[in-house]
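Listed after this line are the structures, all set down as structure tokens.
Across the two complexes that follow, chain A remains constant while its partner is chain B and subsequently chain C.
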Partner chain A sequence: MGVLSAIGNTPEDNHASLISEKAGISRITKIDTIHKNEIMVGEIKATNAELKQQLGLSLDLPFSRTALLGAVAAAQAIKSAHVQDINDCRTGLISGTTVGGMDKSEQYYYDYFQNDRHWGHINGLHAGDSTQKIAAYLGLEESLVTTISTACSSAANAIMLGTRMIKSGLLDRVIVGGSDCLCKFTINGFKTLMILSDTHNTPFDENRKGLNLGEAAAYLVLESEEIVKRRNKDVLAYVKGYGNANDAFHQTASSDDGDGAVLAMEKALKVAGLNKNDIDYINAHGTATPNNDLSEGRALLRIFGKNVPVFSSTKAFTGHTLAAAGGIEAVYSVLALQHNVIYPNLNFETPMKEFDLIPQTQLKEKKLRTVLSNSFGFGGNCSTLIFSKEA
Partner chain B sequence: MKPIYINSIGSVSAQKTYNNREFLTDVVSYFDTEIRVIDPDYKQFIPPAAARRMAKGIKMSTVSSQIAMTEAGLENVDAIIVGTGLGCIGDSEKFVSAIIDNNEQFLTPTRFIQSSHNTVAGQIALGIGCKGHNFTFVHSSISFESALMDSKMMLENNEAENILVGGVDELVSHHIDTHKLIGHIKKEPVATKDLLQSGTKGMIMGEGASFFVLSNKKLPSCYAELVAISTYNTLSKESLIAKVKSFLEESKTLPETIDLVILGNNGDIEFDHYYDTLRNDLFKDTPQAYYKHLCGEFDTASGFAFWLANKILKTQTVPEAVQLNQKSKPTTGTVLLYNQYRGENHSLTLLRRC
Partner chain C sequence: MKPSSFHIASYCRIIDNNIVKNDEVLFTEKTGDLSSFLKKAYKHMEIRYPKFFKMDTLSKLAFIAAETLLKDSVEKNTALVFSNKSSSLDTDRKHSASITDSVHPYASPAIFVYTLPNICLGEISIRHSLYSENSFFIFDEFNPRLLTDYCDSLLSTGKTEKILCGWVDVDKQEYDAFLYLIARTGVYPYTTDELTRLYRKT
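Moving on to the complex of A and B:
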């Protein structure tokens, strides 16, 4: 696993922040936006120049921040999986992103016509460019390399696709996850939708004011049983279940009853061959928008009834990292399994009036076998992943 | 492996492809650096009030997906999987320029919402009430192939019975202007019939939407069988032939038995030599076809090629306009498609008559 977020540069750093309630939400420093005093974000501290240095890339190479963050996290994942030669078996890379190279495109939108200094970024706008660069950085050749963009469920869907490809025998190993950087495009986009909070986001709270945007990249290395056996490798966790469904309700809003979310969770439980009572912890999507938390909460009640498992949203730590969210939360789910802890849902004070769901607000130690993680996005896209300790 | 059938097709392109009863009977030629789709009568498919708010990519996709759904006789599907290199890029451009021009003020959400790459897949799901698996792939010239691959896997694993799969991209001004600056789009207009003799760098950019219903059950409307598909992020010219051979071998197919190879030549003198490798060697005695002089080059132009292959297999006609050499065969049973863009993101797709 590899992860880069507002609360740390490695899985261990992220875990340390999560257990010590250290949120990464602050005022924005790297983008000069007129909204800087009205919003809070989950920003990664490293500058692009520092990231390039870390990657050993020349400073003038035209990498978007999405590609840089992604390359750092993916390289970390490869290293932690002890992969010596990435081309030694059928390896793929599936990445999720929504903004791709938009950070550079919006910066040089008119400059391109004034001078040729930044022309290297012109072809970096399309979403596949960041993935292509990450693959090249990892040295992956003649392989399946593709990009999924299903808004805020992108990385979750990348993990799902990778899992299915290994199961189907199409790949032996696959690097899956996502990367998204902050940019004016998403800041202003979410601003027009009026779902940005002007203060720290408060998932599942009655008085929640919306989300904080964040940036992150996270990748996991999935390997087939055969590779694991042959190389005698340690397995961190298993992707036990997965499900994607469409709410088919509205382009940006979730249905009141969370139809899509219910279907996604049902599918994932079925694939996993698990009973709803087998779920020990839910890492909720919990963006802290009025719409999401109500819809997701209702979906949880529809699936689990009176016995909703312990749940929390980690968005108060990282902000909503869009395409990367399903990736970092997959890493958090695996960390939770490894450490047998449930991460706290920060900033919760008042239960929502529609139901009596109360997230886990304090760090809780609990023997965990299975963690369910939700990711929902625009276009009615709903995804659920289930991670387990046992195969 | 279970056979996967292409049961219906629908296409909006720079040719009159929106009528499935016809097949390139009246080929339209262009003299330009970019070519746009021939608009179908959108009113027949979309209420005018709704159409006004729709991005062009959504409109084209709505029409071609409806044509495919109607031909397959289906009102709903189990999954919708879309490939698009740039999504509704026109809305993204308008939103970015509005951010800059108005200094981040007076913005409205519509452009931003439609900028989500999965808008097309989401809108189709909303339109037909499809609550199934809904994926969008956005990886340059293999966006559509990624969608095909996911569909094939779902059908083989019985995760779905009928899948609507498509590719769509729209042509917009800032993208054209910037890509002319860096020479990816030709600077001088070329007559589309002379595309391969242009002798210049870059391509003629196009747009379009192609949708198909794939199924693990054969319907009377069936066009072809999807046998195999594979994509490669990199591939050197030197290893191309070996890769094609091993790809075919996995489907127990010999190169000599291929009845038609459809190549993605786009008239860019810097990269068309990839196709020459196959044209002059492995497939020198095989009938060859090309298509980007008809639809232009764009990330999901290979969706048009897939449409073409299906049409050829069903009608058993190779239109003169797409023939790339003098070879022909009495019947076309197996078709291989090969595409790449600027030396990256290569794909091989194998189709068989059903």
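Moving on to the complex of A and C:
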């Protein structure tokens, strides 16, 4: 696993911040936006120049921040999986992103009319560009390299597709996850939708004011059973179940009763062959927008009834990292399994009036076998992943 | 279940101010642009769905075509597999004009959300409560072979019971919609030859 977020540059760093309640939400420093005094974000400390240096790339290369963050996290994942030769079996890369190269193309948009100096950045606008650059950086040859852009469920869907590719025998190993950097486009877009909080986000709280945007990249290396056996490797966790469903409600909002979320969780439980009672912890999508938390809460009640498992949203730590959210939260789910802990849902004070759901607000030690992670995207693209300790 | 046991239950073509369903003209207008034609079609079909008026032109066109085929269908596991050549360009142009307006440049959420072609699939899903599979392809022209391959895969793996499939394209005043419903029973054979025949004839 590899991860870069506002609360750390490695899985270990992220875990340390999560268990010591160190949130990464602050004022924005790297983007000069007119909203800088009104919004809080989850920003990664490293500058683009520092990231390029870390990757050994020339400073003039037209890499978007999405590609840089992604390359660092993916390289970290490959290293931690002890992959020496990435082309020693059929290895793919499936990466989720929504921002792609927008951070740079919006910066050089007007220059582009004057001269071609920043053509590389303009040409790097599309979502696939970051994936191609990450693949090239990792040295992937002749393999499946593809991009998923389904808003905030992108990385979760990348993990799901990767799992299915391995299950069906089309790949032996696949690097899955996502990367999204902050940019004006997403800041302004979410601002227009009036779902940005002007203070720290408060998932599942009655008085929640909206989300904080964040940036992150996270990748996991999935391998087939055969490769694991052949190399006698330690398995961190299994992708036990997955489900994706269409909410059929609205272009941006989730349905009031969480129809899509219910379908996604049902499908994931079915694929996993698990009962709802088998879920030990839910890493909720919990963006802290009025709409998401109500819809997701109702969906949890519809699936689990009176016995909703212990749940928390980690968005108060990282902000909502859009396409990368399902990736970093997959890493957090695996870390939770490894350490047998449930991460706290920060900033929760008042239960919502619609129901009596209360997230886990303190760090909790608990023997975990299975973790369910939700990621819901605009357009009603709802995904659920289930991770387990045992195959 | 083998895909060969499926049929085309019905089809709808909207082009040149005509709406044809299963060889029968449902509605026609001699004059008027696309936008007024679709509005009149909506009224003629006695649809009551105020969200229609907020949609972009591509969604309106797809919506009307889908309405003719799905209004009598109760099967909720109906996949949507659409295609076109102009993506959402018609709305992209409006969005571009709005953000570069010299007096009041503004990104309107009402326009912006339609700057993807597959939004029309969402509108149809919302209208008919379809929580089903959906996909939108961009081709140079109506490509029954590729659509059929994709649909066969959905049908043979049991992912869906019915499929609303076809072509919906809008750019400026040019438009063309050809949708067909694939089901277990129907009057037309479900083959690429038949699809080509129906598309060419209407």
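We adopt the following convention: the second predicted complex is superposed on the first by the 391 of 391 C-alpha atoms of A that agree within 3 Å, B and C clash if a C-alpha of one lies under 4 Å from a C-alpha of the other, contacts with A are read in each partner's own complex, and residues count from 1 in each chain.
Everything that follows uses one rule, which is that contacts are C-beta pairs under 8 Å (C-beta built on N, C-alpha and C of every residue); 3 or more make two chains touch, one makes a residue touch a chain.
Keep in mind the model is a prediction, meaning the values are calculated, not measured.
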Based on the superposition on chain A, does the combination of chain B and chain C result in a clash or a fit? clash
Which of chain B and chain C A:Ala248 touches, first, second, both or neither: both
Name the contact category of A:Ala127: first (chain B only), second (chain C only), both, or neither. first
Touched partner set for A:Gly380, first chain B, second chain C, both or neither: both
Counting only touches as set out at the top, which of chain B and chain C does A:Thr98 meet: first, second, both, neither? first
Would you check which partner chain A:Asp356 touches, where first means chain B only, second means chain C only, and both and neither mean what they say? neither
Touching partner for A:Asp256 - first (chain B), second (chain C), both, neither: neither
Looking at A:Glu365 after the superposition, I want to know if it touches chain B, chain C, both of them or none. Which is it: first, second, both, neither? neither
In the superposed arrangement, which partner chain does A:Ser143 touch: chain B (first), chain C (second), both, or neither? first
Compare chain B and chain C by how many residues of chain A each one touches, and report the one with more. B
Just one of 24-32, 186-194, 204-212 or 330-338 in chain B runs into chain C once the structures are overlaid; which is it? 204-212
Residues on chain A in contact with chain B in one complex and with chain C in the other? 188-189, 192-193, 245-252, 259-260, 263, 379-380
Within the complex, chain A is touched by chain B residues 80, 85-87, 92, 95-97, 99-100, 103-105, 107-109, 112-113, 115-119, 121-123, 125-126, 129-140, 142-143, 146, 150, 153, 156-157, 174-175, 177-179, 181-182, 184, 230-235, 239, 243, 299, 344-345
With touch defined as at the start, can you tell me which chain A residues reach chain B in the complex? 33-35, 93, 97-98, 100, 102, 105-106, 109-110, 112-113, 116, 119, 122-123, 125-129, 131-132, 135-136, 140-151, 157, 161, 164-165, 167-168, 170, 184-185, 188-189, 191-193, 244-252, 259-260, 263, 377-381
Can you list the residues on chain C that touch chain A in the complex? 107, 109, 112-114, 119, 122, 125-126, 129-132, 134
Taking the complex as given, what residues does chain A use to touch chain C? 188-189, 192-193, 245-252, 259-260, 263, 379-380
